[in-house]
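Quick heads-up: structures coming right below.
One chain, chain A, appears in both complexes that follow, with chain B as partner in the first and chain C in the second.
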Partner chain A sequence: MSDVIFSNQLTEKEKYEHFLKRIKEGEKIEADDWMPDEYRFTLIKLISMHGISEIMGALPEKEWVPKAPSLKRKLGIMAKVQDEMGHGQLLLRVAEDLMKPLGKTREDILEDLFSGRLKFHNVFHMEAPTWGDAGLIGWLVDGAAIISQTNMLNASYGPYARALKRICAEEVFHAQHGEAIIMALAEGTKEQREMVQEAVNRWWEALLMFFGPADASTTGTSKQDITIKYRIRTKTNEELRQDFFSKYIPRVLSLGLTLPDETLHFDKEQALWVYKQPDWNRFKEIIKNNGPKSKDRLELRKMAYIENQWVREALNMAK
Partner chain B sequence: MKMVDGKPMEQAYQSALLSLLYQLADDDFILAYRGSEWLGLAPHIEEDVAFSSISQDTMGHAAMFYQLLSDLGEGDVDHLAHARSAKERKNAILLEMVNGPGHYLSKPRYDWAFAVVRNYFYVQAKKVRMESLKNSSYEPLANAALKVNMELYYHLLHWKTWFVQLMQAGDEARKKMEDAIKRVSADFDGVVSLGPLSKDIATFKLIESEDILKEKWKLFMQPVFDSVNLEMPDQFGIQSGDGRKGEHSKDLDDALIILSEVYQVDPAASW
Partner chain C sequence: MGSEGFYQEFEVFSKRSDTSPLQYQFSLLAPNSEIALIMAQENFMRREPVADIWVVKRSDIRKMNMEEKQTLQRLDNKEYRNTKGYGYLKKKWRQYEQGMLDEKEILSWGEEKKSENG
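Coming up: the complex of A and B.
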């Protein structure tokens, strides 16, 4: 409150400097605090994309919820996908608060998703044709998510940092759920081992893309500099990708699986993993909703939205 | 009759008990499956979270009942859930019906009014059963009912809230809800039924009789119908067939293919 009154007496430039000082000192910014437009817009974009990706991310796994091969796995994957929807809800609430001064609501987020203005994460545009993919999504996609989200646990924006704490705690269970599925397959029959190897081959490029391009020269734009400047994140895309390699490459190989990149190795001198770059042009196409399953999943989401229009109208009437 | 001094149960008691357990397990299993098809398609995100939590509980209840069957020598729980043919299944036909036209991955035109009414009517019937089962002569079932019952409080509140809200929301919603009530009522006797061995089931005090359970259901539902100004259906039907006898629709055949697709790749494998 004192901060609000104080801010009112300052020029825009002074407010900005005060803001930068606050985040530099590790203070958390709250929804009602003064913040520069660039910060607000960056957060809205980041958090609504994160939130909507959690929701779209339920769709590739949705396919496997009814098909999970045992009661235990059915219960596990139901719980997991429910958590993802819960994360989406939590994040959209955070985004909604940021959008309030702009007069925008959740309806706008969904409209933006359907029109293609709001992107969802590249991994959720991919196909998940076997049960092996269901396990792999839990293990490596959620594993990658833990790495990129842990990077923002100390984000300067308090509501996002708090949401991420809860999300990361649950993602750890998801990664264990995925790992358990993969272990059972890797230790199983020949057919099961093939199922998991094919899933690894299928997902490797998408996992490399997961963290985004190393810099703007690859795809034309990159928000990582802005998010680092405002202390929303600390590490660069490439640093996160390297962390992912260090954590997961040994684990993948220890299961007797291979990775589809013959150049992949750890360079001791540079202390870096050397790897074949994914096709970043393909990445650009995927996030423009031209990925293998982009249209189908958007269509599914949109159809449910339209079919249930009468329910939302009825609820508004009851209010 | 309970297991006394390790003596085996009487054959008639055993048959009645198995018949009841299959109904309980298969009912929850297929409805939880239908619930899981709704994932990502509910009217709003909050509902997606809540509904999937309920479906998950319901699948958990099915797993408990299959475990009781397994403990009685009926085989592995995953075999019971995934490998039995349609005609071996004892769930009510109402619970296997599709959520609406389309497929859960392609062009699903799912009917939320039907989901609300089917779930509300069913959960109230299940609640009445669990209350009664707390005094079941088969102790493991009484213990399971105690656990299931705790979660039902929330399920019932959830569906009742939807039911009342949509019933009071006016024109289009009211019409869709009344249509759904007609559809659900036409087959609700199949849910209330305790199957061909219903007399034995009651005589052995596994659960109260069908008639008593049905009256209790009506007692709970009457004030809710009154509150939304609708006459409670006087009679229910069993129009699509009697699932308790193993009669089922194509909807169940299609569902079994999907839900056992991976299991059937190698039923002997560890998944």
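Coming up: the complex of A and C.
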């Protein structure tokens, strides 16, 4: 009790041990607290990627705002797109506070995105050609996002955990918004049912890739061990993928839809879903911004940034 | 710090209703306090009810550092400050055939009267 620890009197090793003790005891680390570089850099990478993916993720969906089939659907998808942008704002703030001691700002995040140094999530490089895709993104892509984000709700880094609480609460609306679209199509005409089935077929591989490879052998690196060590997350990529299967495969099948993997089944002995691996070489290409829509979406983001430069300049002059 | 660039850091607080306490929401970047206020509403209050919003420039806030936060820990010897330290009175009043006017009872006096017999 009351043994106040003055961090300026501690050696680096003692600081590190004190830090590990804090996170082990469930304390939250705040932006101004001492933290090891490895923790800071891991968080910056994770959260700036998460934040920018929220913003890039709004792009395939926003394509559907002008084409939504009814006013109610248009309002629904507009609200969702706005939420995604809001999530991006929250997460970028968390990343920016972590980057501040390094002298980096939001401009650096955007520059890194445009230059390809900062990746956006592999799932947002895909096409969304039909209204079925718009529904499927809400239902299953947001469903997958809920699985991976709830896994970090108790993250040791306080600002991230707090941002995720707000985000997950809204993701529930997103998932139900997507479910409502899918349900209406699945109960609709033959063409509508085919539209959903085609969207499922198109997105299945991307949904498998969503959680990332099971280990570092695929891409040469993996941050899973570090994020688990520092109590940022608890489950591995594969555990999350299995959770996703357990929650969503029965629901997909219950609507009379099929999944494009004839080997897919639940193995009772291993208590695991057995499935055909996605093409991880394709995954590697996608995360290098060589996916079907990578370049288009980056161009769109860049154009918005450049074309609105005058607004920032005008406001800056007015200060 | 933060005043030289385009973006400035603001901390956002809001009240859910006129009687609720001000609650911290999150931070945001904005070029000035007017836009900060608009963004605060758009970023954090798209759904839940809200009665008031404050935005404060982060550089105007004096926060506690890690050491200072540790000085907030209390020793567990402050019973005399709380009703807990006077709990024995309940038994005493019973000897005088009177009920204890405890916190629950006293705070209920401000409420609208429901019935006489309670």
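As a working rule, the second predicted complex is superposed on the first by the 314 of 319 C-alpha atoms of A that agree within 3 Å, B and C clash if a C-alpha of one lies under 4 Å from a C-alpha of the other, contacts with A are read in each partner's own complex, and residues count from 1 in each chain.
Heads up, the rule we're going with is that a contact is a pair of C-beta atoms (placed from the backbone, for glycine too) under 8 Å apart; a residue touches a chain by one contact, two chains touch by 3 or more.
Computed from a predicted structure; not experimentally measured.
Asks: Would you mind checking whether chain B and chain C clash or fit side by side on chain A after the superposition?
Replies: After superposition on chain A, which the two structures share, chain B sits beside chain C with no clash.
Asks: Return first, second, both or neither, reflecting whether A:N281 touches chain B, chain C, both chains, or no partner chain.
Replies: Neither: A:N281 stays clear of chain B and chain C.
Asks: Tell me which of chain B and chain C touches more residues of chain A.
Replies: B
Asks: Could you say whether A:R166 touches chain B, chain C, both of them, or neither, answering first, second, both or neither?
Replies: So A:R166 only meets chain C here.
Asks: Contact-wise, after the overlay, does A:S115 reach chain B, chain C, both or neither (first, second, both, neither)?
Replies: neither
Asks: Taking the superposition as given, does A:D32 touch the first partner, chain B, the second, chain C, both, or neither?
Replies: In the superposition, A:D32 contacts chain C only.
Asks: Which partner does A:T105 reach: the first (chain B), the second (chain C), both, or neither?
Replies: The second partner, chain C, only.
Asks: According to the stated criteria, A:Q82 is in contact with first (chain B), second (chain C), both, or neither; which is it?
Replies: Both partners, chain B and chain C.
Asks: Between chain B and chain C, whom does A:E96 touch in the aligned arrangement: first, second, both, or neither?
Replies: Second partner only.
Asks: Looking at A:N201, would you say it contacts chain B, chain C, both, or neither? Reply first, second, both or neither.
Replies: In the superposition, A:N201 contacts neither chain B nor chain C.
Asks: Please work out how little space separates the C-alpha atoms of chain B and chain C at their nearest point after superposition, in whole Å.
Replies: 5
Asks: Return the residues of chain A at which the contacts from chain B and from chain C coincide.
Replies: Shared contact residues on chain A (touching chain B in one complex, chain C in the other): 79, 82, 86, 89, 92, 312, 315, 318.
Asks: Quick one: which bits of chain C touch chain A in the complex? Just the residue numbers, please.
Replies: Against chain A, the touching part of chain C is residues 5-7, 26-29, 31-32, 35, 39, 42-44, 46-47, 63, 65-67, 70-71, 73, 75.
Asks: Taking the touch rule as given, give the residues of chain A at its contact with chain C in the complex, in rising order.
Replies: Residues 1-2, 4-7, 32-34, 79, 82-83, 86, 89-90, 92-93, 96-97, 105-106, 162-163, 166, 170, 312, 315-316, 318-319.
Asks: Sort out for me which residues of chain B touch chain A in the complex.
Replies: 33, 36-37, 39-46, 48-49, 52-53, 55-56, 59-60, 62-63, 66, 77-78, 81-82, 104-110, 112, 165-166, 168-170, 172-173, 176, 258-259, 261-263, 265-266, 269-271
Asks: Quick one: which bits of chain A touch chain B in the complex? Just the residue numbers, please.
Replies: Going through chain A, the ones touching chain B are 55, 58-59, 62-75, 78-79, 81-82, 85-86, 88-89, 92, 131, 181, 184-185, 187-189, 191-192, 296, 300-301, 303-304, 307-308, 310-315, 317-318.
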